[in-house]
Each structure stands twice: as C-alpha cells, then as structure tokens.
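Next come the structures, one after another.
You will see chain A twice below: alongside chain B first, and alongside chain C after that.
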Partner chain A sequence: MSVFMDLNLLFSEDRTRLQNLVETAAHLGFSTVAVNYVFEPSAKKKQEVPAPRPINELIGQLPVVQGRSRPIRVLNRLTVVMSDASHFRPNAPEYRRFDLLAVQPTTEKLFHAACMLHDVDIICISVTEKLPFFFKRAPINGAIDRGVVFEISYAAAIRDATMRRYTIANAVCLMESCKGKNVILASAAEKALELRGPYDIINLGQLFGLSDSDSKESVSSTCRGVLLHAETRKTASGVVFTMKIQQEALQDSADSEAPAAKRAKAT
Partner chain B sequence: MVRVKSRYLLCEVNVSNRSDLLLLDDRAVAAAVKAAVARMHGDYGAALCSIRFSVKYLNAHTGIVFLRFPKRCYKLLWSALPFITSIESRRLTIPCFLNCLHVGGTIRTCQKFLVRYNTKQLHRMLPKCKTEEEKQQVRQAILSCCLPGGNKEELEDDLESEEDEEDEEE
Partner chain C sequence: MCADLSRTPRTLLVCDRSSFLDHKNRVSSQVEQLHFIYKVSVLLPECNSASSSLDSVFNSFTSFYLIRKLPIYELLDKDFLQSAVYQGSVHGLSFRTRIDEDNCVALMPNGRLTLSLDKDSFELLGFEGKPSRFNHRSCSRFEVSVDLTDSSMAPGGRGYLRLLTGLKSHLQLQTDFLLSHHPGGGASLQALLSRYDWSEHKPKVSRRCLSNLVCPAPRSCDPHSLLEWLGAVDADVRCENSSSSFLSSFVCPEANTTLGHALSVSVSGLLLPHDVQRLIQELRCYLQQPQLESWVSLTVHGFTDSLVSWGGSEHGALIGGQDFYSLLMFHDHTYRLYLSTATCHTCPP
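Right, the complex of A and B next:
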C-alpha cells in the first residue's frame, strides 16, 4: 500500500492558489489530498460553521497524479479549534457535509475528551506554540484503540526557525507516548512552495522521532485508515449506507456528477 | 579492495516560474544545501557536509540535481533538504523547493532512473499538446529515449535531446 496522501491543504478564497496547490501535490505524487477549512469558534459571538465548496467548482480539471494514470482525489475536511467544551457539538448536521473531521484541542481536559469521547477522525497537535499540556498515556492509548489519529503538520516548521523548534519538540513529545503508531504527517500548506515530496516527508519523520517504517506508514497506510474511519462515521459502522434516490436524478447519477468521494462505496 | 561508498540523491528543483530555473548553477545549489544543513544540524552537520558532499550534475532546463553525500550520514543530511526555501544565485533569490525523486548507490542507477522518469514526463506532456506538430515532436522524443547501454556519450545525447523537447513545450 503505497499511495501517498496529504490530508491537509489549507483552504483559501483565492482559486488560482488552491489550483496551484492541488497541481503541485499531483506533480509530487500525492494521490489524495484534503482541502482543510479551519473553524475557530470564539466565546463572544456565534459563528457559522463554514460550508464546503463543491470540488468541481474550486478546481476546474483535476490533474493526473505523477506515476499513475488516475486524476487526483480531493476531499473536504473541517478542523475545529477547541478552547472550550461547548465548541464541539457532537452530531451537528454541519459536520456531516465534510469527508473528514478534525479537532485541535488546546487544554488537557479537551484533549482527553477528544481522544476518548468525541466522534472525530483526526486530532491535530499544535505546532505553533509550546505544548500547553503533557501527553498522558491513557487518552493516547484510548485514541489508538478507537482508530483516531494524531496529525503533525510541517509547513510551519518550514516557514520559521522558532516554529521549527516547537514542531520538533511537540512531535518528539507525542512519539514518546504513542510510539509512532497512529500518526500522520500532513503539510498544512498555504502556498504551493510549502509542499514537500513524499520521500522527503518520510525522511523528515526521522527528525520527529519516527522509525523508518512508521514514517512511511504516516503518509500512506495510516492516512488510508483515516479515510476508512471517516466512512464509518457517515454510515452505520461502515456496514449499512442509505441514500435518497430521486426518480429524475437517475440519469445524473449515471454520468456520476458527484465527486468520487461522495459516491456510495460498495463495502 | 573496498571502495568509498556514497549515496546519490536525485532531486528535482521545483519553482513557481519555470524560467527561473535557467538562473541556477551548481555552486548556488551547493551553498544553499550547506546553509540549510548548518541551520538544521549546527556545526556537526556542517562538518559532515564538508567531507564528500558535492553537486555532481545540474540540469538547468529540467531542474534536475544530483547530490552526493557520504553513505554513513546521508539520512541526517537529507533531513535538512526540506527546509530549503530559496536558492540565491547571481544575487537573485529564487524561491523553490527540492523534491527528492530517487536515492541511488551509484550515478549509473540514478541515470537509469532519470531516463525513465523523463520518459514518463514526456508521456504526461503528450495530452497537453495543442498542435499536431508538437505532438509529433513529443512522440519522436519518446521513441528516441533508451535505457543506458554501454556507450555513455550516446546516452548524454539522448538526455540532451529530451531536454530540448521539453523546452519547446514550455
């Protein structure tokens, strides 16, 4: 299993920039990418959860992946930055429109809740500040049992020297307790020049304290695990899947208007 | 006889503007790599990087670079390469990044890989051609590439001709 994935490309209103990002990712050999919408609720006023834009509206024609003959697969992902327990609403209908759901907890209590209780796919480790709490063994083991993964993004490390120290320190801290299991490395790139090739990322995993095989898994098979986990969130444990079929929509579904990710999988 | 072992990294320089590639020269790339290693791994890295590091080959048209590192520490030195964000050449700063395509033990295996890789690039280029003439040229180029045989000079010519084709397409 060696298709590479990058599950974090920051969304920007600028269409050409996003297009550039996806094209560069395809050129580097990533076969799946996810466009990330960051949602940061504040205490004072109520904010709307961003709605995902349809992929074919954002990117005109999907570029072909390097070394393969298929076009790149683009998914939607929502990241909720949690600083209070009320920020994450389980089973909110807004969350269901995204393919992937991630949270970034900022306190130990929320981290514990995210690992043990919340129905999410990815837990982001903050890389732009000193770790606000220590990772405890119990919640991390719980998260690994439930199939939730931890994400470390490397774009901040490329931008700035102090961020690089925080990224490496936080990553090494995480690896001490999770021993390299259930970790994904993603870019969180805003610009095309912040992306890196998959083999470079695998080698970069060494700096973060991952072993060779673990860091290879962190860009390939663990990411696939995340996608499958996300599918179980949408369906009844990935076994039963219901969808509405309208009579006149039958022709539409024949020429597959929905993006590949939205189509029902025969699992 | 025991020979001195090295690792050759075949890297691709990615820039946002393709014409910037022509400004590159091997000394600029070497300086950028050395600076990045010194920034990431301090004096220890800089010392390792000064032993047998060199830029063996640079193709300014396709942006392909061969880097040679000593075998015992190539992973450490490689881990500094992602942190290169720009290369300074002829008093101009070119924003770019290096993407490693292949790691080989000899230049020959890297060369074999590169010929195959460039052929693939030509295949990718084919559907993007607009006129029939361009298509014909790319087809010719694909047919003319061959894997390295015994004669090295012939191969060099092949590589050259591929590059020329790619330039015309840009």
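Right, the complex of A and C next:
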C-alpha cells in the first residue's frame, strides 16, 4: 500500500479557500493532493489553457500531514472537458506545465478516443448527470492496458441528493465494466467541508461496488500509479528525460576561454 | 451488481476455557505470544479503590524509551547486539509509522528484526524479502525478516554486511523508535541511547470509578456480546439505549445485574508480556479474598500499526485492527480467555 492521495481539489482564485482545502487535506491524512484547473473549450471563442500558478505563490507554508513528519505534496492538474474531438490537442505545449492531465469525455466516440488514443492519465466519469452513453468492455480494457485510470468524484454527492443518485448509478455502471481495476476516487471539492478522510472514502468505494482491498487501492496504490504514469509521459519510454537549464549559464561557458581544439574530420 | 453491504470484514475469535489449577493450561504461553502490547485494561466489579499490592503492580510496569529519528542501521551495531539482542530481552517498535503507508520496523525479543517496506524502499534496500501476504492485485508491500541470532547474521558475516550496507547507504531508513528492555535494566541500552535524542516514559495509568453499572452474567453470556459490553465499558459508552441519544444503541446483554460501583484501570505505553503475567498473578491473589463479586476481567490490546501479530506472524491492516485478548478470571481459579485478531489470515494460539 502506498500513501493516501486526493488528486482532485478544484482551483479557485480565492487564496484562503485553497489554503483551507490543503490544510484540511493534510489534517485528514492525505499525503499528496493535486490542484485541478478545469478547462472547458467552447466552439464560439478561442480560449487559452490556464497556466498553473506556482505552489509557493498560492500556499505559503505547506502543512505537515497528520501522523507523519513530512509536509503535504501539492501537484498541478489540468482537466479538459471535451465535447468535440478538436478540444483536446495532443502534444500541445501548454499541457507540459501540468503534472497530471485528465479529460472528461461527453460522448461515446470521445470516450473511445480518450481510452485508446489520447495521451492522458485520468479519464473523469461525469457524476452530475445521467450517463449519456453505456460503457463497453473494449475501450475500458484498452485503457486499463495503457495504464489510464477512471476517476469518480464524490463532492457532488455531498452537495445534493439528486447528484448522489447519479454518482452511485454511474459508479456502479463503471465497476460492472472494469471490475474494479484502475479506478481512483477523488473529491473535486470546492470547499474544505466537502473533503472526507481516506478511510471514509474507502467505505464509500464499497458502496460503489468495489471490494475492500480494491477500494483501499483506489485511494493509494492506483493514485501512485497515476503519478508514475504522468512522470513517464514527459520522458522517452520512461527512461530518459530532458530538463531546460538556465540560459545565463550557457552564455558564461561560451565566453570563457576554451583552448582551440581540432575539429573532427567529416567523412 | 449491487454492493454487498451486509458483509463485514471477517475477524477471528478464539475462545478458551480452563482452570489455573489445571497444569496443562496454556495461559502463560498464549500471553507470551502477543509481543507488542499497547494497553492493558482491568475491570474490578464492586471495588472502590485498588488494594495497595494491586496498585503497586500497576505502577511498576517497566518504563520504555522513545528515540527520535533513529537510523535503523544502529540496531545492527555490534555492542548493541552483544549486550541487548543476544540476551533476548529487547522489544522495539517503530513509532508514528502507519502499517499501510510508511516503512515500519519491529525488533522482537527472540532476536528477529522485521521490516515492512513499500515497493520503492524494498527495491532500494537490496536485501532478500518476500511479498506481503496482504497484497491485492499488485505487489506493493514487502516484508524483510532477519534472525539476528543466526550465524549468517553474525557481525562481519556476509548477510550482516549486506543488510548494513543496505540500511546505511542505499536506503537510509530513519524512524522514531520505541524501545523497552527486560528485566528493567536500561544499562545495556545506554550506549545506543546516548547517541540520539531520547526520552524515558513510564506507562500511563488511569483509573475510573464507575457507579450503577449494569453488567451481564459473565458465565452465561455469549462471547461476542460480552466482549462488546466490556468494550463499551472501557470506551465509556452508555448502554441505556435511551431515545435521546442517537449515538449509541448498545444495550447490555440479557440476564444482567446492577453493580453499585466498579473500578476500571488502564495502563498504556509499550508494555511487556512479563508485566502482564505478574498482573495476572496479582489479580488471582486478589480474587482469593472473600468478597461479593467473584470475577475480574483483564483486556490486553496490541498496537494497531504493529508489524507482527500473534507469534510473530505478519499483521496487515486493511481498514484498521488490533489484536487483543480478554481474560475473564473467576473466584474458583477458572478462567475464560478470548483471543482475537483483526485479519482473518493469522490465527491466535
């Protein structure tokens, strides 16, 4: 088992609200959280992908996780709500600034494309409305093979009774098709009061149809798998990655004297 | 497929009934099997205050040490091994490490050092171990178990050097550590303690006087209801099931009597089985005195985040769970012993 993580805390411009969210998450026992920037492109006007704010600007001092001695780890995540195939541009440079990438497809074709083709980490299952399409085994198995996970969020269920019905119905539908593999449970919380502790979420997972151990994995090991998947997205086959170094350092080394060296003869 | 919510996680309860006068009774060996004890609670019915001899036993539980940020390779130090581990008297457990999240360490009195590591730490350490029995789909937890008294782990041996290198340079494992020495001699630990930030703690004793306690008949009550009632008394939960309280609907099991008063004493810290044995002897002497109520209950709880369960087998925590046992002693030297484990994979002795 690995540490508990909540990979969906909704971003808000209000700094104190975000700070409260992170402090509550640390108090409840989550060791890693991800601040989620939701991007919903519309056909009418061109919108820019939001840029993630650096964590030290948003939250001054990271709180220590309750019961451990390390501070909480905060990551950035982007969720693209897709209602058209052109909304998600693969390999767009703006996506590189985020640690995690998620999509929320709204039609069956987009769901199929997200599962099989797109280079994402998380596929969000909508919980605020009745599922517009049925899950088929083929794209879900394809996603599981590729290491993509499905996310169910529970904060909507806390807010409203109708949403509760949709959340449970959609979640049970998903579990029937995927058999409890590659599922994560996250909050999508806007306020600190909508967060729940990890063991409570494990119990909630059992309501959705996950077994005891599957439910515990959905808050710990599977989330760890998502983080590793996201890290390797930026690398070549998960082995090599590049890092930009400062431009000033390059200039300096060019200015310093280097002894004249023979150039290799081109053959 | 709808969720099967009526199924609760399985637990195992072993019930044993015998007499102290029977020479084949296994109480001592069973008590020795739970190595890491967090709390001992005693319920003395019809008693206002404990007698002086009983009080002295409560106050004389062995004190233990808490070492902050102990690097685990120090447990392989030659002097420490010679003076403490080989004598077979050191209990140690990592503190503030969650069994399902962090790396945990346990040192048992028979010289067995057990590490429970997550996947990354195990791969860094580079010592042989096996996957945990409680892994589900993927192997994410591993257990490394080493017998320090074995000849291959003698200082200078190949296994010893490999583990030492692993803990010193590959995986610098450092946790807060609880350490206890028996019999009550901390001199052999001083060398280790002097190098780090340590503090000595005496087990905390708390007493509660209860009045008008409704209690079931201990001999005729079924084990599960009796243990629930004992737990409710220990946790100070009301058993009246009044309509004004929605928090608890516990009811005392049938065939009940009302006790005028009772004394509940609990001792918590890192406790030793040896001290529990002494307490059992003292409670037996107490029961021989002529008095109205003729039973005493003693409940011993293990640590929730302990690595080891009964007899050194692995302890896993899916949702949470302690191993515990409850000993119900009667005036006529008979007893009932209920041993329980949180997971269904290990069986109490």
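Here is the rule we use: the second predicted complex is superposed on the first by the 245 of 267 C-alpha atoms of A that agree within 3 Å, B and C clash if a C-alpha of one lies under 4 Å from a C-alpha of the other, contacts with A are read in each partner's own complex, and residues count from 1 in each chain.
In the analysis below, a residue touches a chain if its C-beta (ideal position, glycine included) is under 8 Å from a C-beta of that chain, and two chains touch if they have at least 3 such contacts.
The shown structure was predicted, so the numbers you read here are calculated from the model rather than taken from an experiment.
Participant: Answer with clash or fit: chain B and chain C placed together on chain A by superposition.
Facilitator: Superposition result for chain B and chain C: clash.
Participant: Please indicate which partner A:G60 is in contact with in the superposed arrangement: first for chain B, second for chain C, both, or neither.
Facilitator: Once the two structures are laid over each other on A, A:G60 reaches no partner at all.
Participant: Thinking of the overlay built on chain A, is A:A161 touched by chain B (first), by chain C (second), by both, or by neither?
Facilitator: first
Participant: Answer with first, second, both or neither: which of chain B and chain C does A:Q206 touch in the superposed model?
Facilitator: both
Participant: Would you check which partner chain A:R196 touches, where first means chain B only, second means chain C only, and both and neither mean what they say?
Facilitator: first
Participant: Have a look at where A:P90 lands relative to chain B and chain C in the superposition and call it first, second, both or neither.
Facilitator: After superposing on A, A:P90 lies clear of both chain B and chain C.
Participant: So in the superposed three-chain picture, is A:T24 touching just chain B, just chain C, both, or none of them (first/second/both/neither)?
Facilitator: Only chain B; A:T24 stays clear of chain C.
Participant: Out of 59-67, 77-85, 149-157 or 203-211, where does chain C run into chain B after the fit?
Facilitator: 203-211
Participant: Chain A residues touched by both chain B and chain C?
Facilitator: 67, 199, 206-207
Participant: What part of chain B is in contact with chain A in the complex they form?
Facilitator: Counting only chain B, the residues touching chain A are 12, 14, 16, 39, 75, 78-79, 81-83, 85, 95-101, 103, 120, 124.
Participant: Mind listing the chain C positions that touch chain A in their complex?
Facilitator: Residue list for chain C touching chain A: 1-3, 5, 9, 96, 98, 100-102, 118-119, 136-138, 140-141, 318-320.
Participant: Considering only the defined contacts, which chain A positions touch chain B in the complex?
Facilitator: For this pair, the touching residues of chain A are 20, 24, 27-28, 64, 66-67, 154, 157-158, 161, 164, 192-197, 199-201, 203-204, 206-207.
Participant: For the complex, which residues does chain A have touching chain C?
Facilitator: Residues 1-4, 31, 67-69, 172, 175-176, 181, 199, 202, 206-209, 212-214, 216-217, 220-221, 224.
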